[in-house]
Structures are given as C-alpha cells and as structure tokens.
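Below you will find the structure I want to go over with you.
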Amino acid sequence: MARPDDRAPDQLRPVRIQRGWLDHAEGSVLIEFGGTRVLCAASVQDSVPRWRRDSGLGWVTAEYAMLPRATHTRGERESVKGRLGGRTHEISRLIGRSLRAAIDFKALGENTVQLDCDVLQADGGTRTAAITGAYVALADAVTWMRQKGLVKGDPFVTSIAAISVGVVDGEARLDLCYEEDVAAETDMNVVCTGDGRFVEVQGTAEGQPFDRAELDALLDLAAGGCADLARLQAEALGA
Amino acid sequence: MARPDDRAPDQLRPVRIQRGWLDHAEGSVLIEFGGTRVLCAASVQDSVPRWRRDSGLGWVTAEYAMLPRATHTRGERESVKGRLGGRTHEISRLIGRSLRAAIDFKALGENTVQLDCDVLQADGGTRTAAITGAYVALADAVTWMRQKGLVKGDPFVTSIAAISVGVVDGEARLDLCYEEDVAAETDMNVVCTGDGRFVEVQGTAEGQPFDRAELDALLDLAAGGCADLARLQAEALGA
Amino acid sequence: MARPDDRAPDQLRPVRIQRGWLDHAEGSVLIEFGGTRVLCAASVQDSVPRWRRDSGLGWVTAEYAMLPRATHTRGERESVKGRLGGRTHEISRLIGRSLRAAIDFKALGENTVQLDCDVLQADGGTRTAAITGAYVALADAVTWMRQKGLVKGDPFVTSIAAISVGVVDGEARLDLCYEEDVAAETDMNVVCTGDGRFVEVQGTAEGQPFDRAELDALLDLAAGGCADLARLQAEALGA
Amino acid sequence: MARPDDRAPDQLRPVRIQRGWLDHAEGSVLIEFGGTRVLCAASVQDSVPRWRRDSGLGWVTAEYAMLPRATHTRGERESVKGRLGGRTHEISRLIGRSLRAAIDFKALGENTVQLDCDVLQADGGTRTAAITGAYVALADAVTWMRQKGLVKGDPFVTSIAAISVGVVDGEARLDLCYEEDVAAETDMNVVCTGDGRFVEVQGTAEGQPFDRAELDALLDLAAGGCADLARLQAEALGA
Amino acid sequence: MARPDDRAPDQLRPVRIQRGWLDHAEGSVLIEFGGTRVLCAASVQDSVPRWRRDSGLGWVTAEYAMLPRATHTRGERESVKGRLGGRTHEISRLIGRSLRAAIDFKALGENTVQLDCDVLQADGGTRTAAITGAYVALADAVTWMRQKGLVKGDPFVTSIAAISVGVVDGEARLDLCYEEDVAAETDMNVVCTGDGRFVEVQGTAEGQPFDRAELDALLDLAAGGCADLARLQAEALGA
Amino acid sequence: MARPDDRAPDQLRPVRIQRGWLDHAEGSVLIEFGGTRVLCAASVQDSVPRWRRDSGLGWVTAEYAMLPRATHTRGERESVKGRLGGRTHEISRLIGRSLRAAIDFKALGENTVQLDCDVLQADGGTRTAAITGAYVALADAVTWMRQKGLVKGDPFVTSIAAISVGVVDGEARLDLCYEEDVAAETDMNVVCTGDGRFVEVQGTAEGQPFDRAELDALLDLAAGGCADLARLQAEALGA
C-alpha cells in the first residue's frame, strides 16, 4: 500500500530549516518535517546550575512543549492543568540527553544553553524534528558565544540528528507522518551523530512484538535518514 | 524626541495578518504588530461549558501565553512552575471578555469557540495584537461553522480591535513598542468595536497620575488606531 | 427606576472606617461600603524583595482574598483548590499598583509594606473598598515606621481612593451594590489621587459597548465619588 | 508566677459571642476568647457528598484558616503557597469531627452544613474558640433549616464546646493565651459535650513527658472550662 | 464477644522487629504488629534545617506514607494527586513530635535524623507501629553516629513506644486490628516513654462520647501495652 | 577488569521472586535482582477507564515509585514536592506499555489491572526488576480473576521480562548493578516476550556514542538474560 503522500519507504518528508526566526534568542530555528513545525530557541546563560558549579564544565538542557492547537483536536494547556504530562517530561529529557552528546563540556566552559522546542503544528515526528532543529539552534548559539568571547575553541564533537522509523502495513518506513504513526505496529526513534553512530535508540512494539530482523531493517533505515538530515543541517548552516 | 522607529505619534507599526497559518484549527492567524508576533488559533466545540448548558446560548473563551524565549531574556515556563502567573490570567480574561462583545450568543447557538493566543515574539502590545488577531481567527471559525451548518445566520454584532497608547516623553503615542512601553508614564489599552465604541478601557499611571486632558488625548489616539485596525482586519478577511 | 437603597445616582453608600481593628498589624482598618466589609492589614518589613535590594528604594505590595462565605452562596477556598483564581490575581495586582502611586519610594527607604485585604462580606465594590481602606492602613503603618525611626520625612505624595461606577437602567450611577453590579451594562473602577488625578481607569462593557459620552459621564461621577472618599479618609485619620 | 492577665488558673478569658455577624450565611458567629477572634460561618446545602448519597444521612464538615496578619508577624497565605499546611489540615479535621458529635445525622436528613472558621486574630486557643463558636453557628443554621422545613425535629444530641489547658511554670492552667501556650510544658485540647463527656482529648508533651497525675489535673480543669462555655453558649442562644 | 484473633483484651498482636532491613540507611527496621507492616528508615544528615542553624541543637523529623495497595482496596498515590492528604500530614507530625521526646538535642549536636515510615501493609495501628519501629531505627542511627564520631555521649533521654486502644462492643481493648478499629466507639493512640510517662494522648469518640471512667480504663490499658513494647524494643536492640 | 561481584559478563545477579507478599492485593510479588528489591502489587477493578468504556476491551496500567531511602542518600518524596519527576513518569509509562504487550484485551474483558511497583531498595536495574516482577503479579491477579469468573479463557499472549545491559570498561555486560550503571558508557534496557521477540529497546549513549557492532552485542546479551528470566518466572509460577 502506498504512503499517504506517495513517498518511497526510505524517503524523508520535505525538510525546511529557517535560521534566525526570532530576534532575541542567541540561536533560533523554525524547522519543518512536512506538516510538523517546531520552533527551536537556544538561550545562553554565562553560568551553570548549582550542582555543576566550579566544575569548569558547561551544560545543555531542553524543554519541549506543544501549543494547544498544534494537533487535530485541541489539547488542554499543561500550564492550566498545573502539571507537566509524562510524555512532555520524557521528550524534554530525550532532547536534552541527545544534544549533550554533541558537546565537549570542558570546551564550553561554565556556560549553559537552554533549548526550547515548541511544537507549533504536529504531524508526526515532533520529537525528532525538535532534536534536528535544536542542533542547528545550538550551533548558532555557540557561534554567538564564540563571537562574544564566552567560549574559545570549538565545543562541538559531532552534529546530532534524529528520525522516526516504523513498520506500517508490514513495511519498514522512514519519517512517519501522523497517519502512519497511528497505524504503526512498531515505532522507533533514533538519534545519530554526524558520523553515523547511535546516541539513542528507542523502539516500541505498538502492536506485535518485533524480531531481530525487523529491528535491523529499521536501524538501517534510520541510519540513512539521519545521514540525509546531517547533510541538510550542514547546508542550512552554510558549511 | 523621535520614536525608536521614527513613526509619527499616531502611526501604527507595520501590521501583518496571515490567515490559515495552521492546518487543523477552524480559524488561525499569525498577526504581527512590528516585532510582536502572536499566533491566534480558534477551536470549535459543538457544546458549551456545564454552567451554560440548555441555555440555547454559545460561548467564547480565550487563553493567552508566551513562549519562554519570546522575550529579550528567557522566562520560565508556567507549565514547569506549575501555576499561571497573574499577568497571564489577567490578559486571558481580557481577551475573552473583549471577543465576547463581538458575538450574539443566541445566534451562535450552543457552540463554544476557544481562542488560543500564543506570543511567539514580544515587542510591546502583545495583548492588543492578540485581541486584534483573535477577531480574525474567530471570524474564520464562524465561517467554518456556518459552512458546516453548525450556525445559521451571522452571529457577529461587530468587529473588535485593540491598541495600546501611552504617554512617553510627555507625548501621547499610539501602539507602543517594548522600548516605549518600559519608558511610558501612562499606559492604556483600549478595545473598540468596528463602529468606534468602547469595549474595554484600561489605563494605568506607571509614573505620574494622569489628568482628564491626558486621558482624553489618549482615548482620541486609541480610537483612531482601532479604526485603522478595523480596516486592516476587513482587508485581511477580503471584505 | 430607583436604586435598591433609594440613593441618588451620585451618592455613596454609608462608609465606615474603623482604624486599629487588629492588635498586631502596624496598620489595620475595617472598612465598610454599605454591606461590603473588608479587613485591610498593613505589615511592615525592614527589607525589600531580592530584585530591589541595594536600590535605596522601598516597596508596597498587596494581596486580596475573599472568605468563602463572604458571598450569597459559599465559594470554594483557593487554598483548598491549590491555586489562585484569575480574579484574585487581577485584583491583588490592581491594589498593589494603586497604592504604590501614593508613595515616594526613596523617602520610604528599603522597607516593604505588605497590604492584606480580606473581604469578610461582599456586596459589590470589594476592590474599591479594599483600595480605599488599604490607604488608611498604609498611612497608619507609615506613622508607625516614622515613630520607630525606620522612615524619616513623609513618603506620601498623595492619598488614594477608589470607587466603582456603572450604567444601570441607562443611568450612570456611583458605588454599585451587588444587585446593581450584576445588572450593569457598563462597569468601571476608577482609582484617584487626593487631588483628583487618575491612577487607574478600568471600564468594561458588560452588555452594550459604550460611547465617549457615556464614558465621560462615568468619569465625572467617579471623580466626585473619589473626592468624597478622600474627605472621609482624612476625617478617619484625624487630619 | 501570676498569669499575664492576672487570671486565676481555672478562669476563662472574657468570652464574647456575636451571632448573625454575616448577612448571607445561614448561621454566623464572631467569637472572642480574649484577644483571639474567630469568624464562624455555617453554610447549608440541601445535598450530601457523593459517598453519602441515598443513605438518608446528613453531613457536617469544617474548614479552618487564618488570615495572614492574624498573628504577631505576618504568615504567608496558603492559597499563594498553593498547598494547605499540616496544621491547617489537622485543625479542620478536628473541628469537623467535634461538631459531628453534636448531630443525629438521620434527623438532619440528606443536608450538609459546611462550617468555615476563619481566625481574624490569634492569641492562643484558636481551635477551641473555633469549635465553641462553630457550635453556635451550627445551631443557628439548624434553626434556619427547621424554619425552611428542610429539617423536621431536632437533630442535636448535645452541645459541643472546647478549651485548651496546659502546664505552665508547673501549674495547670485553663485557656492559655499565646504567651502561655509558647511556654507550656504540656498542652492539651479537650472537646466536651454539654453533659461533660469527652469527644476529643489531645494532649502533647511540649517539654517534659507528663505523668498520670498531671493528666488528671488537666482533664479536671478542662471539664470545668467546657461546662462554663456550655453555659455561655446557651446564654448566647437565648436558651 | 471474642476478638477476631481470639486475643485477650489486654494482649498485643505478635510483634516482629527486623533491624537492618535496608543496606544503605543508617538505621532501618521492618516492624510488624500482626498484619500491619511498616518499613522505618532513619537517615542522618550532619546539618540542621536553616531555622535551627548555629543553635548547637540537633533535629529529628518524620514522614509517614502508605503504599497504594497496603490497604484492602487500592488508594490513589498522593504523589500522583499532587498533594498530601490531611491524615498523612497529621500522622507525620505526630511521629516527629513523639520521637523528638526521646532526644536531648544538645547532646545530638547540629545533626538531623530524618525518619521515613512507609506502611507496606495496613491492618490497624499503622501510626503506633511506625512510632515503635522508628524508635529502634533511630537508636541504630544514633549508634552509627556515635561510631562515626558525629555524636559524643548518649543523646537518648528515654525510649518511645506507642499503641492504640479502643472501646469495641463495650470492652476496652489493646492494639486494635483493622476490623476492630472500624467498629470502635472510642479510639485512642497513646505514646509513652520507657518509664511510663505520656508524650501524646489522642482520644476520639467515633460513636458515643466517652466518660472519665472509660478514659481511665483506656489509659491503663495503653500504659501496659507500651511497657510491653518497651521490653520488646530493648530485646530487639540486644539490651 | 572484574565485575564488582565477580559475575561473568553474561550472568544475572541472584534473582528471588516471592509471590503473595501482600495479604490484600489480587497478585503481589517481592522481586530481588541482587540488592535491588521491588514490591509489585496487582489490583483488579471490574471496570475500565472512561475513554475505554463499552469497547469490550480491558486495560493494564502501572505506577512506579521509589521509597525515599531506597537509595544511598535519601531522596525527597514526590508526594511532598507535589509533583512527579520526569524519571518516575517515564518508567511508569514503560512498565505499563511493556505489560500491555502480554495481554489480549478482548479476552480480559472490561476489567483493569493496576500494577504498583514500589522500589524498597535500589541497586541498579529497578525498572527491569519491576517489569519482571510485575508480570508474575499480573499472572497471579489474572488467575484470581479467572477463579472469580471475571475472566473466561486465558488472556495471556506471552510472558514478559526485562533486563539492563551496558558497556562497562569496554565490555558488554548483563544486569548492571548501581556501581556499573554509573560507570557505563552505554546503557540499554530491553523488554522481551517469552519467545524472544522485542517489546521495548531503549539504548542511551551515556558517554561515547555506540556503533552498530556494540548495539548488536548488547542485544544478544539482553536476549539471553530475558530468556533466563522467563525460565525463573515460569518456575516461580510453578509452571
């Protein structure tokens, strides 16, 4: 069965990366994976959290959220409910961990970059778009820090990108849209470095458990997608 | 002393109204007043809150929020703090009250429109941009409801627009940007109907108390600005 | 149509101001506007909030609340709900802003006065009674500070009073009781200095939008009411 | 050593019970035990909590709170903190349990009386004043219910009063004021029925543990104090 | 009528005290009163809360909680509800107060022992089992502190034990199980020192108020039960 | 370098599964993976959450928590903080998802099993011990339901077990203890069905990103460990 937008199984949706979308943030990116649209802002502080002080090491942390009408039907605001949902917590932690893998904290010095990933519109893959966009925002924030003399040398050890893969109608597919995500038997999010190693692999059987062969096929697909994204990030950054 | 962007005292900042910015919302607008950028989404429900059931009357309500990096320095998320701040509450209530003045609830029937106004970037006048944009999103949502047959006839009794005015350097000025807002001695937000009557008048002496003459000058300025906005809204709606 | 208590349109309800109602507070007032009864306590601290330290400037802040059975039917406690309502937040902020207009913070020095306005019984106009009573409590607290030598010289730049006005049955009326408040087409709260200038003007169209002529009539009425209250405050303070 | 106000060890402070202090509540009392002043409001609902429906039985519940400046130094509002403190919870539960002992719930029918006890000024013994006053407010609310025909027959099985006792300077004393409460080695709150039986006995060693002889002396003292209060309640109710 | 487990009215349920149940805590006890099973952990900190700093005095505090399925039917987690219930607060405070009576805070020095009492299974008397077990855990933590040289000399002034008593079927009984607790007309929790003096006496009439003779009988019974527990504590501690 | 407890790289810690640890729960297990000790309780309800009503389908959900002194140093209670941490949320969701893979919800009918996994002591691998123990508790609860006639036929489609694996000192190791977990370069949790397929694969690079060969080695190791656990589960269940 064809994909809803007639893509090949190993084809990304159109990716669009707009840098400098915000006037005040030290780095900011509006990233689109098809209909998914995430605003990633990087904010620099010349200090670190209390538990990391006097270590000589920097820090990167992230918060993920969704606007109430990013989705097909409106969701209640977590600020109004007065508590963060488990999904929000989980994705915020994933984004933070993923981006920390990009950085040599000694080279960053005692500075913090806070990444805010706000989903303006959701059509599947919001967390992977967020990670991919946050890397570009982080790169711009680090450039800003180097220009200001806050950081000397290059703290980046790698670039970071992420993509979702899944088994839909028995077929391994790259970069699921919402319609496919809902129908997937297995759903996996993979975060890779620019040289193709893994930072996070999170696979979940939504319907049937999956065997090793299916897992291998999904990992191959994801590695290819992350390599494509790494190229698009480099282009966007004018490298 | 000249204004930061050399505008005349009674001149609006460039206003940009993009309709249909979201794929799922029944009405959505990205509105800009200069550097202020607010995403307004209107969500339709074919029911009303419990306390209004079986009244035959509809309802319009609003929530206002700001992304953490909308501002010069990052603000903490209210969802993370676990409680809404007073300012957020106050502005949400103002937007809801203002837009309810536009609607004949009998004609709307037992339907609710929820307006979400999320500030993506803040440069002064976020609540007035939110009200002005929310009107356009509400208009599109009502059109959608009429097309679906949820609403018969036109529930609008008027259009609604809002603008800030203030006294800066002793001069009454229209549509203050952030830099002027901070410096204002008196700050007023005015919400008007399309025919120039008042829905809300909220004036605050930030520095010196103001006298009747100053109040009159500010009201004149605001009335003119709202008339300009009403024209821009009509244009955006293709009327 | 006559007013529920047969007052003239420009007549205040009986106002009663009892100073020193509490033994421990540095200033305290039980103020009554007819059936509305608000206990205003002023608490002095010889320090200021963190963000204002080493500025040489003092601070005045306020919290407003209502006892659960102040009203016709019992309301749930906000402490039990675990969150402040928007109305409470909004009125607390209004009271704080209004009273800050009375004070020269340099003359106050790095001291804080916290104003607590607790509505024991509500019959319309609770926020305006709270502001009017809080001024008297603040005056007593400042006298106490001067006696203790915490403050030298007079930090007051003006007195502050507040009154509600509204259009009921097409008639502009002063100091609405609950019954009139519910029926008002337009509702306005006005805060004035002792010399008749404005600190806050908050007008809301509850039913029909209001035009400039109505607004002018309401402002005239409010200015007169505030002048009457300023006289009553001065009498209560034995000036 | 003499008591701060020269009372005999077994003497109550001046007790003042003002009925009908609020216009809207079905029963209301401002009770004073010396400088302690508690406003007790009884609110009637013609229904019971969900877990008690269709049982034919009524319910009585209570909430206790303190205004921020009831005390010598201002305390933070629990509504602002967003959570009830342990002490508030504990006293609310005590008041509810105590007053439920007064009522035959079958005779009350499926009605609820909510008792709100708000401490306007605190000088020791706030919980015992609250219980003693709440009984009178409850009595007035029940009279109101009988007049409205909500209740037939008399649901009261007894009156309820409460007093604190303690050992100060080695002497057993009745009705401790704040100064004595702070200095007490042992502190006990006793709730009695009108015929002298016990509903609650809560004794705590603040300093030294107490032996059986001390406990007996305190119980005697408390029983006498409660008998005095029962007479004052009856007088206030015009019995 | 016989007791559910055929005990004599003045007989404890089988008591089992297992020390060292946790590997990391400085003191830990799994205590059982029949089917009631409480895990008591004592955690040592070499500092005191801010309000007690530089006093030369130590501190002991406690938290009580119940696992959701400790009870016959599952209860909701307080961490999920986001707020502590009144009962939890009340018992935590009782445990802390009770254990503080065991300690000379000067001899403890500026150290804190935090007692965590988690009910793994509940069959009546959870708070009294918690206090009795917490004493043993506290004793082990103090021994640990003396071995580490944190404390010199013996800070204990007494041992502490607690038991519930109640009137069931007109009979005064010791150590109520859940079935008896639910049926009790009067319910009392008593905390005693090793030499038989009282630290806390909390008696509540669940059904009928109780008279002095009943109170005396319950106190006698409780004193005997606490003496038995003191012996069992000493045995467990190998004294 | 040898493992802290001299295990072979592919060797589990001693596993102990005690069924029926609680008297009231429909299924309960105290499971130990070495020093890690988790109490798993299964509670049955003969209904499903609102969103699943009238679907004919059952539900399984889980909550994970840790006692404050399960760890080397005491952690603050989430019930006291008033909010669940992200880690707690994430693990609760993982346990629920994993166990749902074991069940045919049609065969379960409109019944819910709530799984509570409370960590009494933590020494690495708490989430995998929780899942492995929860399966046994769930099996006992289902047996109970079948005996009561709530469920007809066998709703189990597979057994479920989970284990952690990681790279420590360059060596792939099974079932990391706390000391190894802290030192691991890569950390992976794997949930398998009884027949060796995957339900969840969650791998995280703590230090260096990992390549495909390392990932493959870890998956092999985990599959073997899960197979061992499946045998131990079957033995415990007397199959």
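A few notes on this one:
Just so it is clear, A, B, C, D, E and F label the chains in written order, and each chain counts residues from 1 on its own.
One rule holds in what follows: a contact is a pair of C-beta atoms (placed from the backbone, for glycine too) under 8 Å apart; a residue touches a chain by one contact, two chains touch by 3 or more.
If you're wondering where the values come from, they're calculated on a predicted model, not measured in any experiment.
The set of chains touching chain A and also touching chain F is empty. Steps from chain B to chain E, taking the shortest chain of touch contacts, total 3.
Put simply, chain A has to spin 120° for its C-alpha atoms to lie on chain C, with the angle rounded to a multiple of 5. The pair D-E is the one among D-E, E-F or C-D whose contacts match those of A-F for more than half of the residue pairs. Relative to the C-alpha centre of chain B, the farthest chain centre belongs to E. Between chain B and chain F the centroid-to-centroid distance comes to 51 Å (mean Cα coordinates, whole Å). Chain C and chain F, compared by their mean Cα positions, are separated by 59 Å. The multi-chain contact residues of chain B, meaning those touching 2 or more other chains, are 82-84. In terms of inter-chain touching, the protein chains here make up one closed cycle, each touching precisely two others.
Of all residues in chain F, those touching chain E in their complex are 22-25, 28, 35, 39, 41, 43, 63, 65, 67-74, 77-80, 82-84, 88, 114, 116, 118, 120-121, 123. Per the touch definition, chain E reaches chain D in the complex via residues 83-87, 89-90, 92-93, 97, 101, 158, 188, 192-193, 196-205, 208-212, 215, 219, 223.
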